[in-house]
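Shared between the two complexes below is chain A, which pairs with chain B and chain C, respectively.
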Partner chain A sequence: MFRIEVFMKKCFKNPKGSQVLSDISWLGIKNIAKIEYCPLYLIDGDVKIEDVEKIASELLSDKVTEFCTVSRCSDLNSINVNSSVPSLSSSVSIIEIWYKKGVTDTVAESIVKAVKDLGITKDVKVKAGHKYCLYGTISRAILDTIVTKLLANTLVQEYEIK
Partner chain B sequence: MISTNDCKVIKIFNLSDDQLVELSKNNALYLSLVEMQAIQCYFKKLKRDPTDVEIETIAQTWSEHCKHKTLTGPVDYTEISPVLSYKNSGVKKDSNSSHITYTTVKKRYDNLLKETIFKATVELNKKWCLSVFNDNAGIIDFDSKNGVAFKVETHNHPSALEPYGGAATGMGGVIRDILGVGLGAKPLANTDVFCFGNPTTKISKIPAGIHHPKRIMSGVVSGVRDYGNRMGIPTVNGAVYFDDGYMANPLVFCGTMGIIPKNKIAKKVVSGDFILVVGGKTGRDGIHGATFSSARLESKSDVNAVQIGNPIIEKKVLDAMLKARDLNLYRGVTDCGAGGLSSAIGELGEKTGAIVYLDKVPLKYDGLHPWEIWVSEAQERMVFAVPPENKEKIIEIFKKEDVEAVVVGKFTNDEKLTIMYNDNVVVNIDMSFLHNGVPRPIRCAVYKIREEKVQKPIKMGSSEILKVLKASLSDLNVCSREWIIRQYDHEVQGQTIVKPLHGNGIEVSGPGDAAIIFPYTVVKGTKKGIVLANGLNPQYGKVNTYKMAASAIEESLRNAVSVGADIEKISILDNFCWGNPNNPEILGSLVRAAKACYDMSKAFGVPFISGKDSLHNEYSMKGKKYSIPPVLMISAMGIIKNVENTVTMPLKAEGNKIFVLGVTRNELGGSVFTKIKNIKNGIIPDVYPKESKIIMKKIYHAISKKLIESCHDCCEGGIAVAISEMAFAANKGVKIDIDVIKTEKVDLLTAVEILFSESNGRFVVEVKPDNQAEFIEIFKGSIFSEVGYVMDEKRVIFESKKNGIYVQEKPEVLLNFWRSTLTGG
Partner chain C sequence: MKKVKVLILRAAGTNCDYETQFAFELCGAVVDRVHINSLLAGRKDKIFEYDILALPGGFSYGDDIASGRVLANEIKNKLSDRIRKFVLRGNPVIGICNGFQVLVKMGLLPDPELFEQIATLSYNSSNKFECRWVYLKIEKKIKNESNCIWTKNLPNVINLPVAHGEGKFITKNQKILKSLNRNNQIVFRYSTKDGNKPAYPLCPNGSIQQIAGICNIKGNVFGLMPHPERYIFALQHPARECCADKKYGWGKIIFQNAVDFVE
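Right after this comes the complex of A and B.
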């Protein structure tokens, strides 16, 4: 299984991160300096890393404004998330959100189709998720509030704070 | 039948009443004891126990969502009305000295819907109604070759749990209703109406377990936006109503209008036809969605009740099925909505019977039980009845669009529903029991008509009036919905000729009354247009549901007429969203609204062509149950002969005259004004169809003769708000003489009451001086007056010399008050 993370290049604003930051201040939470958002994808199937790199660079990211990383993983939770976050420091909290098993993941369904259109004929399974890097010293309780009130619907999504 | 790993036999033969209730509860069937007893009795006759698939099939078919048990069931209705008698007869006293007695009227309805709403349609007998209340949508005549179909659905409970997914699938579902009406209509436009809690509520005041209204609003709007925009269907008309009664239970109404050739309106399923399932694969999505609609919202709700939509699949289904329709490759179609395959195949095969092989249904993943496959509400699926000779051809058409199409069974002639799974029979029941076996218990309904009191006369100085005007414009239920509207594509397909916002530029805009679609790309050479409008005011329903319903109907008609619709060619749709109908008072308020529907439909001559009810809008908080403020949302659809004869609401040119048509009464009850000033009393606006209908007819006549430059309906906020909106939408000045506005009795209303009363039946129109004489000639006999003119100077002025009132403000200042409340984010 491969994991793809897509980051905004430093010279560009992270619009979704800024939007979430503004929403968080509306929650009454003030001490967060910056938020970076990056979409996550898991690709599983009998595909080579070159194929996944092609999927990442040609399908899932915009070469002008974004860059992406591809790493191998055995399952969702085996990733060392810290290794793939640029400029990570101790005051960064990472939130990952994925659909629960059985919930329709329409983004993933579209990617499966698009992978075929890229000329990769092997069958792949795809999962799409979200990652938020929150810069600032934030307690676990506040992070839980941010996730449950703003970022994830725990009825259909599960989340992990790292 | 024997239990297998996949399919369980449920032993119900010897269950006591308590055990039957428990069985219903434990399996989320939401069936009453009487219904469970009917099922027990049926299977005793068959001398066997039912399978879980059979129980689930019956629960789905008998659900409130699919069967509308309350609206079509018998009701014992009691109406208690106050009778005022004064101690000193002949001498008018103030309300304090009156003594109230009550009269009671009882009536039994055998079928509330048939004896009110549907009855009006039957009695009106309009020849241009082509299909009413018997298909997925209502259809009226458009021209000699085409009809137009319109349907509005609600998706309240799913939107409360998952606002984005719930609203998106609400939109997806109503689009499929239009695809599944007759042999399929082509969708031309969407509508959306929402009721939310106050989005500015402090987060600390939101009870645990519910989403903040702002999050619900943002999710719902995004869901509707993404589904409509990605399907390439413009979202052209809507409304948003805020009230804290909808905090835990938001309301989401989604509508779709489409065009259908007249020779594709009838569907007929023939024994031997294949059952073809088309579109998305089946997963656990939305299991128990249909039965769930019979339930109130609990803090812990079923995860499987959530559905996620995929508009890309539905768009491909749409494109392929219209091709197959035009090649006459199928005889019947319906959508998989609430209740999934169970509902769709059960409905199509009601008269014939059907055999289904569940193991042939394409699945998203393994591990689904047969009953889950059968009742899953996975989205974007349609069911077709295909003659055997067309099977290959129709599958080929869907394949070309990359849409999965699989034959899962066929329609039979045994009038039974038979379901097979891995060569085992898992369902074998009579269609007649399934569709007609639901018990019809008599429900009790009581309505006590509340006495309404006129408020004490309200007098204010000019500066205070201006302050109230600004507060009215920025009130949540009046202010601009631009943040929502601009997220929608209301232009796609290129046929929206009257759009939701009007004005002289992006920075200057006002609220349009209704949208007009000019379907020239699908009906070549046509000059006709289709008007879509809506009306609702839940505030009135808190006091009087009859007046609320009547006002909603009239508001929708006024909106349609304001842009140029002919009152003689308007049809309407009802959407009831009510609390728990097992409470006699709540059901009583619904009966009273249904009664208003009959009265108004008959009086205005506008037939209901379709409708939907969503009951049990009730939620629990800290152990206490709450019902939502009831809502009747009316959608109106009108046909215009010539789209050149339409008008919009912004003022057009300096020097033009302003007229107010209709009577202003002392009707401030439930108004924006009384909310702002915290006034408890006030008469809820009533409807006077005889007066209003004539004015509506005359407006159509005047617009057809191009005598009206702009027209706007008076509703929330009254004349003051309506005229301000017309002025700031155009960034023009206007001077209004309050003293000459026609009221029910001279000097009975104060200037403030005239400005802010929300009486029905009123329009503000702009007329060129050259057309004034002809215009007045047309309106002779109706109550109206010339009240002012469009000024060169950019100021909005309301003056009453009699009362020494002179209110003035720049239009752009008023615009900013209107635009600044709802900015989303």
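Right after this comes the complex of A and C.
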């Protein structure tokens, strides 16, 4: 299984991160300095890493404004945060959100179709998720509030805080 | 006289195809709205039965991954030879809003000969979906020198509505931006009513140099974020403004230009 993370290049604003930061301030939570958002994808199937790199660079990331990383992972829980993006420290909290098993993942379905369009004929399974890096010292209780009130619909999505 | 034939290419999530069809038909063209699956399954040269290709607005494939990305990927990988030949032989092509995003992301704009993505339409600076009437400046220099066949006979400033979340035009580097300027490929810029440089919200997305629409050097491929098909009649304008004939809006002129060009 491969994990793909897509990041905005440093010279561009992270629009979704800024929007979430603004929304969080409306919850009365003020001690977060910055939020970076990146979409996540898991790709499983009988595909080579070259195929996954092609999917990542030609389909999942924008050649002008984004870059991506591809890494192997054994399962959904093997979070492999790329060190080039947030420098992990005690003041960075990472939230990942995925659809629960059995919930239709429409973005993933579009990707499966687009992978075939790319000329990769082997069957792949895809999951699409979200990652938020929150910069600031934030308690677990506050993070749970942010996720459940703003970022995730816990009826259909599950989340993990690192 | 032979009727001008227009192919409106649609996919799952396209939602401005009927209005675009209406606009072209009003200008005297015969229009077929064709689903991409049908085009791919049909005769290989079907596209060449048409004179004009239009990619209308909407949310193709739900804007999954990014706006226009999945459709751009599909066209580039399954229709590239045909669509490139269609463009290079000079047939008019227009991409409106989502269609513009598709043209840019597949690399048909700004340079169809290169056919690589060298620009993008990214998230609006406001991080929001922006929906309003805006002013567009067709600079005198551009109006006189651009080869764009779609924007002839327009005044210096026109009004059109925008509705998008990802319309911020960005080039891969400064060199590309300079060449767009040098070759008069920047057809529309967001402006104030007087044609001056606007601030938000008149520039709805933070595009570099207020770019709202571009064409290729030859002038037959045109992409723009505003919706000309939503300003065909004066009655569609909030102030009922019209062009010289008292009935139609500036959007109709854009479609008429392409039909007249083919005729």
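The criterion applied here is as follows: the second predicted complex is superposed on the first by the 156 of 162 C-alpha atoms of A that agree within 3 Å, B and C clash if a C-alpha of one lies under 4 Å from a C-alpha of the other, contacts with A are read in each partner's own complex, and residues count from 1 in each chain.
One rule holds in what follows: a residue touches a chain if its C-beta (ideal position, glycine included) is under 8 Å from a C-beta of that chain, and two chains touch if they have at least 3 such contacts.
The model shown is predicted, which means the values in this text are computed figures rather than measured ones.
> Of the two partner chains, chain B (first) and chain C (second), which one does A:Gly119 touch, if any: first, second, both, or neither?
second
> Which partner chains sit in contact with A:Lys63 here, chain B, chain C, both or neither? Use first/second/both/neither.
In the superposition, A:Lys63 touches chain C alone.
> Quick check on the superposed pair: does A:Pro15 touch chain B, chain C, both, or neither? Answer first, second, both or neither.
After superposing on A, A:Pro15 lies in contact with chain C but is clear of chain B.
> Looking at the overlay, does A:Thr106 come into contact with chain B only (first), chain C only (second), both, or neither?
both
> Classify the contacts of A:Thr137 with the two partner chains as first (chain B alone), second (chain C alone), both, or neither.
neither
> Does any part of chain A touch chain B in one structure and chain C in the other, and if so which residues?
Residues 19, 22, 106, 110, 113, which sit in both footprints.
> Within the complex, which stretch of chain B touches chain A?
Where chain B meets chain A, its residues are 161-162, 165, 203, 211-212, 214-215, 283-285, 301, 303, 306-310, 312, 364-365, 378-379, 402, 825.
> Considering only the defined contacts, which chain C positions touch chain A in the complex?
61-62, 64-66, 69-70, 73-74, 77-78, 105, 117-120, 122-125, 127-128, 170-172
> In the complex, go through chain A and note every residue touching chain B.
Touching chain B: residues 19, 22-23, 26-28, 100, 102-106, 109-110, 113, 149-150, 153, 155-156 of chain A.
> Per the contact definition, I'd like the list of chain A residues that touch chain C in the complex.
Residue positions touching the partner: 12-13, 15-16, 18-19, 22, 39, 58-60, 62-65, 106-107, 110-111, 113-114, 117-119.
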